[in-house]
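Order of writing sets the labels: A, B and C. Residues in every chain begin at 1.
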Amino acid sequence: MIDTALLGQLLPAFGAAALRTVLLTLTGLAGGLVVGFAFHALRETGWRAARWLYTAYTAVWRGVPFLIHLFIVYFGLPSAGLSLDPFAAAGLTLAVYGGAYFAEIFRACWQSIPRGQIEAARCMGLSSRQIFATIECPQALRASLPLIASQTILLMKESALASVITYPELTMTAGKVVSEQFVYVEPYLLLALSYWGLSLLVNRAAGTLRAWAALRETPRP
Amino acid sequence: MLFHRAIAGVLSLFLLGAAHGADMLETVKNKKEIVIGTEAQFAPFEYLQDGKIVGYGPDLMRLILADLPEVKVKQFDVPFQGILPGLATRRFDFVVTSVTLTRERADKFAFTVPIADATTALVKRKDDAALTDPAGIAGKTVGSQAGSAQLRALQDYAKKLQAEGKPAVTIREYVSFDEAYADLAAGRLVAVAQSLSNLATLVKTRGDIYAVMPAPIGPKTYFGWVGRKDADSAPLVKFFSDGIARAQKSGQLKELQMKWFGFPMDVPTDAVPVPQM
Amino acid sequence: MNATTLFERLAAYLPVLLQGAVTTLSVAIAAIALGFAWGAVLLGLSLRRGGRGVLPAAVRTYLSFFRGTPLLVQLLMLFYLPSAYGLDLPPLLVAIVALGLNSAAFQCEILRAGLVAVPAGQIEAAASFGMPPARIFRHVQLPQLARAVWPAVVSEGVDVVKSSAIVSVISVADLARGGRQIVAANFRPLEVYVSVGLCYLLMTGAVLWLGHWLRGRMERP
């Protein structure tokens, strides 16, 4: 049977750990969006070197497990002179890892904009920068929202690996309770529920954001 | 509505079923197989070499299991944090990994007589001249393994230092000791709390990087093997316990200790000692 | 410490890493196949009675759970909990089943998206010609479905290979574990983990290439 009293006892620790998971995920999300957008913009310039760099970045970072990236950054870099603390290492790795996915999401969404609109805008004399800002960005970003939401959930699940480099987030907290109090069901139940709940929250937030964006896009008569 | 009912159904899958009874030793003999849980990241007690689990523990286990020649060993190497819980959920029949004898664990599980000394001490970087005494960790960062008794000893010691008015120790918890040693070498930690038995071997192989501070930071403790604390497992635990005691009497235990540690250890094998922590 | 060159050390790592890579690939391939089959079944179940009723609701819960909680939690649950009911599953099987059940949740969504991509008009036209539903599925829906979802399925295949990097927690000797074993012995995390990363890159690259090649074969009339 599930010990509900124990569940109650564990809630504060899990709450604090959940906040750390959220913090780590948000860091990865924010950093990833910036890095991903930067690489996407770089690719859009059309320069050969930029495209090559983009391909190398997305291929390498999406082709290797997050765990290995994390180990290279946290355990490997000190021998090259860069020693980061667990949060910095996990946050940075999540950002660069997420960035590779976000870059691809941006690329796909940019491509989905009808060429006709851009040609028409060019005919009307709009500069490349204006086209980018007023025509491409709003539509592409709105289209990218559901994909960004699911990628955020994936980042949140990868953040569980920060426990291996001692960052005290949700997974580590559950593991501690398991090994110190010899109870298995309650901590892992809470762990699953915590992540499940957070993922539902992300989806809800994304839905709200989409509705708000859709409202803004509605042409005014 | 259906969705919520379905979620409740999933949650009920977490409920543990009732345990069923059978003399574990007999079961093992009949099945001709024993499922063993080990954490093979604990040199020289049990560690991986070329994909095989080797060390003091495996050697001793093979010695004892020579009395059950038809029984095959299925040994699972899992992180330490899953060892005792895995035993509790019957994933393993028995645990052959160095588990420190503590009061909480003795309450919930059945220990064999000790196989080695587990008293906790600190290891530091060899070139760290500033750290000369365990009390010097006050205000610094120290690591140990999550869920281990060595971590508990470190936490208790840190509390003691704090009670004496010294600055607080930052404690980091690692999944395995190997990663803690790596961070010590990288400069993220000033020390790692681990049993003296393990540390002796560490400096034998990596004496260029690490140095032990031999003063213990916790009470005298012992490593033992563990079985479930129920009537079914009692014969199995006794089997291993008797095997260890026999190895002690015949001198084979000391032989293995010399082979794997380079020094013999005084361990009581007439009975499971009273845990000091 | 004996002075070995980088090349000599890398050559020494090769056997261990190769053995781990074989395990990783075997687990991944089996899991992808299981995920596809089970994902298709889930999709079928979720479409019954127009999406209402117990089965579709159960499928929705399944999808939400397996996509919203970390694989690590699912893996540990599947390894430790069944033994409480007397079920003894070998670690390799648990790894394949857990990865497969997890992948099925994602593949179900991929397949569902693909199904929507087939124009309803074609199905109606075929039905009006007297084609039985089974033949419609085989000749009208399936080919277009396969073409539409193929990139996403290949991408999911890559994800399974990467997700397999955590199966060492249930005693499966995969590539990531091989890397950690080497680092524990020789204390050279940077070069070892980069080598491990390259191995994964080769494997995921092979999956992508295979997907590309198979797609070429599908395109042929």
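Note that contacts are C-beta pairs under 8 Å (C-beta built on N, C-alpha and C of every residue); 3 or more make two chains touch, one makes a residue touch a chain.
For clarity, every value in this text was computed on a predicted model and none was experimentally measured.
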**OP:** State the chain with the largest centre-to-centre distance from chain A, centres being mean CA positions.
**Re:** B
Original post:
When B-C is set beside A-C, which has more C-beta pairs in contact?
Top reply: A-C
**OP:** Determine the centre-to-centre distance between chain B and chain C, using the mean Cα coordinates as centres, and give it in whole Å.
**Re:** 35
Original post:
chain A to chain C: how many Å between their CA centres?
Top reply: 21
Original post:
Which parts of chain A, given as residue numbers and ranges, touch two or more other chains?
Top reply: 75, 79, 184, 188
Original post:
Counting only residues that touch at least 2 other chains, which ones in chain B make the list?
Top reply: 14, 16, 82, 85, 89, 182
Subject >> Sequence positions of chain C contacting 2 or more other chains >> reply: 65, 76, 80-81, 180, 183, 189
Subject >> Residue numbers on chain A that touch chain C, as the complex places them >> reply: 59-60, 62-69, 71-72, 75-77, 79-80, 153, 157, 160-161, 171, 184, 188, 191-192, 195-196, 199-200
Subject >> chain B residues within the chain A interface of the complex >> reply: 11, 14-16, 80-82, 84-85, 88-89, 104-105, 108-109, 143, 146-147, 172-175, 179, 182, 186-188
Original post:
In their shared complex, at which residues does chain B touch chain C?
Top reply: 2-3, 5-7, 9-10, 13-14, 16-17, 19-20, 35, 41, 43, 47-51, 76-79, 82, 85-86, 89-91, 178, 182, 185, 206, 208-209
**OP:** Over in the complex, which chain A residues touch chain B? Could you list them?
**Re:** 1-2, 75, 78-79, 83, 85-86, 163-166, 168, 172, 175-176, 178-180, 182-185, 188-189
Original post:
Any idea which chain C residues touch chain A in the complex?
Top reply: 64-65, 67-73, 76-77, 80-81, 158, 162-166, 176, 179-180, 183, 188-191, 193-194, 196-197, 200-201, 204-205
